[in-house]
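Each of the two complexes below includes chain A, the first together with chain B, the second together with chain C.
Right, the complex of A and B next:
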């Protein structure tokens, strides 16, 4: 097969994949999270993951960001400047230098399987749950910020000031590091992460270890791109359209 | 070790001693005040942020820790390599190393966001995959080894003399690993364009010799002058040429590091940012390279300045300045360059994606860092008064009978 034919075939199959995703979307993007009994330990039989189709995010992720802010209460620090404010999720605009093609996508903790932030943390505060959710244990975080140096996605923030009126499900505090925890409190209660509920047409949440889960099925069929896949971190957050 | 050297404490506690102690004590107090201020308000009162997460306090802390390892090198040369002329210098070398290490560690500790959790950490889980965790063991082990090493140098028992060389060798190996561990803090950061290079480990080892030798030389000259002891050219010339050779070695390793980076297309951006026109370029070329490396080497190797003590003092002071510049460029410059999430693309966001991050240290950060220097020197000066660290003389005749 000539190079051009090969290119054409790849292009057409990509188009077909996107069309298929659009067609099956109403059936695919279903909630499939089961509540975990409080006395049951976290199991590594599950690996939570997320798929984001940026072509369907008409606002580039603004609604997700607002939902995350509302759920976890970050972003209204009184004294911190713009560079010091916490941001658990952000909208990144990307323009390819040569072609000028632009896209916007939400970027947060990618919940790596082999997370650099977990490797470098001296106390184990930066940890990965058995079910793949990466988060910070605020009770033992000493605030050294080594995890922030190590994170390839710049997904972490340091709390630069005293906070008041934190959300009950989201412990936050001055002098500790924080980041997207995939709404672990909601997931354990059998709900979707807040961002997924804010953009159900574009985001899918589920168990990557369960081959019958919707997310596994569509990822198996159409794949899913990782940001900085070259680092081989096997992220739990995958994208379509980047 | 040399048995005919006589050591003594600093006895003449005149106004000069207390004035020096008071000055550095004030610096240490200012550092503590800065810690209290930052701790009370939170880090928003500093120039550090979510992009530049380690700032000026870390520049001082890393410099002091790296210098500590190098300061002990003077003792190593006497013990491990049997150079007799270095042996009378060993006590001060080992004690200075501990003083600098404590100064640096205290700064690191006091900059932590949640210092209270450190106590829990001591009784809790430690992640041994973390270089930081390794460093905690390496640093505390270093202090313990130095304590034994000092004992072998200062005690007259047979047991201590027997242990002098083995402990010296252990100390040398331990320092080697310790400085590699400090360099590896950066070497293991996979996603940062300016780090993630194994050469940072040997670079830090050699840089430690520069910083340590420079500080040791300045401390030796100042303490001998202030206590009225004789310091001959034989000792100073050894330190002088040691300093210059180590500066040349750092220069070489930096050259290799940058040339390697310049070969790889993916690093062109960050190299251009650091070397050519970015906010760190002047500090790199004038601070680290010209005044921190080339001028000191000239001051040492220029034949007109042979035996010139002022030239040596200036060279050592410039090497210290160059070292601070080097750490600043590596630490702040490396963080200032944006992370590359999407190669060959321009990125922007409300979280400083794709921009060169600016950093400007605030007064409390300077005070915290300088406070660590103050604490280290206070510790040293008090040590000189309690222990017999300084030889009564280092005249040419006493250190080398064949010196002409």
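Right, the complex of A and C next:
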């Protein structure tokens, strides 16, 4: 695709996003996750996804990031430097060259349908669950960091130091790679991801496969932008306002 | 004569290793019976089973099979999202490791830690706690639930509510505003470590 085409597309999708943000009332959808029975395996009938309206994130996503840190216990690495620190979700500032408009958006693992990190992993540790959540099975991760290289969203971090006092729902340890796991522990219990609960006015979580879910309904009506849509990864995280 | 001699040497050749083996075995057996095979005393679990029979079954099973059960459960959890209490490492920890011991957090580096006592005794490396937390932790109630609550009390939410009722189909409005809106007032895990929870764990065998 030529540069002009992609610029045009971005511009158009940007427009659509703005229009949608103005039209639809924000944050009306709080909890649509239904708990599955705890002893029932997840199924591929569900595909979890997320929609983020960056115009409604007044803090650019700070609250989400804080909630994520609290839930999973990252961000408090004592001996790592800036480059080594874990980043499950980060604020990315983008400037549109043409207009100079700047935007700040929270970027985490985009939970791609065809995830490059899963393709490259030599051990099968980088995995996609049946319900579309991409995560690292740290039991078999050897810490080679191929997946970090492969991820176009810079979503993965490597743990550089010995950790203690992890959160019970989020085991993390030195020598393995980690990233946003869409709060699997919460989702399996029928809760929203922590970031969605921290910014209910701007974020929506739900089943992309169920055409009656709220997220599917609004996406059908207004669409949702993927970051780096040109890679055709069919991401589970969509944005409004970019 | 020659023949007899060769038979004799053959017998010797065969029996020497046999004798060595026999003596080695007897020494090993003797020393085994001589050594103290009692496992070390373990810290008492915070929850107790209702009957000794259930407890003894649990102990016998777990002593032999805990590694397999944990390995099986970890895959069930990571791949299939099954997070029942049975054979969950967190559930083991919540019951077998006290929140505080002598006024301190009891970590697996302490030989008194339930897992470390035996693992130290048999010199088997304990890998779980490289990633998993080794003592009970209550997931703190974060400001998350407050933020939803605040949001619900906010003017914006009231406006949206009326907006939806006016503009969006009834179906969506009811979906989003009534039955699915719940608050996480109780984020703390349901595993209680005190005796008061005994009644609810009557089934016993699930732990």
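Methods note: the second predicted complex is superposed on the first by the 215 of 242 C-alpha atoms of A that agree within 3 Å, B and C clash if a C-alpha of one lies under 4 Å from a C-alpha of the other, contacts with A are read in each partner's own complex, and residues count from 1 in each chain.
Note that in this section a residue touches a chain if its C-beta (ideal position, glycine included) is under 8 Å from a C-beta of that chain, and two chains touch if they have at least 3 such contacts.
This structure is a prediction, so every number in the text was calculated from the model and none was measured.
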Looking at the overlay, does A:214 come into contact with chain B only (first), chain C only (second), both, or neither?
second
Which partner chains sit in contact with A:39 here, chain B, chain C, both or neither? Use first/second/both/neither.
second
Given the touch rule stated above, what does A:87 touch, chain B (first), chain C (second), both, or neither?
first
For A:146, is the partner it touches chain B (first), chain C (second), both, or none of the two (neither)?
first
Could you tell me if A:47 is touching chain B, chain C, both of them or neither one (first, second, both, neither)?
neither
Quick one: is A:238 in contact with chain B, with chain C, with both, or with neither? Answer first, second, both or neither.
neither
Touching A:154, do we find chain B (first), chain C (second), both, or neither?
first
Looking at the overlay, what does A:174 touch: chain B (first), chain C (second), both, or neither?
both
Shared chain A surface residues [contacts with chain B and with chain C]:
139, 162, 173-176
Could you list, by residue number, the parts of chain A that touch chain B in their complex?
77, 79-87, 90-98, 107, 116, 118-125, 139-146, 148-154, 156-162, 173-177, 227-228, 231, 242
In their shared complex, chain C is touched by residues of chain A numbered 25-32, 36, 38-42, 63, 67, 70-71, 127, 129-131, 135, 137-139, 162-169, 171-176, 184-185, 187-189, 191, 194, 197-201, 214, 217
Which residues, counting only chain C, touch chain A once they are in their complex?
74-76, 78-84, 90, 93, 105, 107, 130-134, 136-137, 139-140, 142-145, 147-148, 151, 156-157, 159-161, 163-164, 167-168, 172, 175-177, 180-182, 184, 189
Please give the residue numbers of chain B that touch chain A in the complex, ascending.
39, 41-44, 48-54, 112-115, 117-118, 120-121, 124-127, 129-133, 136, 185, 188-192, 335, 339, 341-342, 344-353, 357
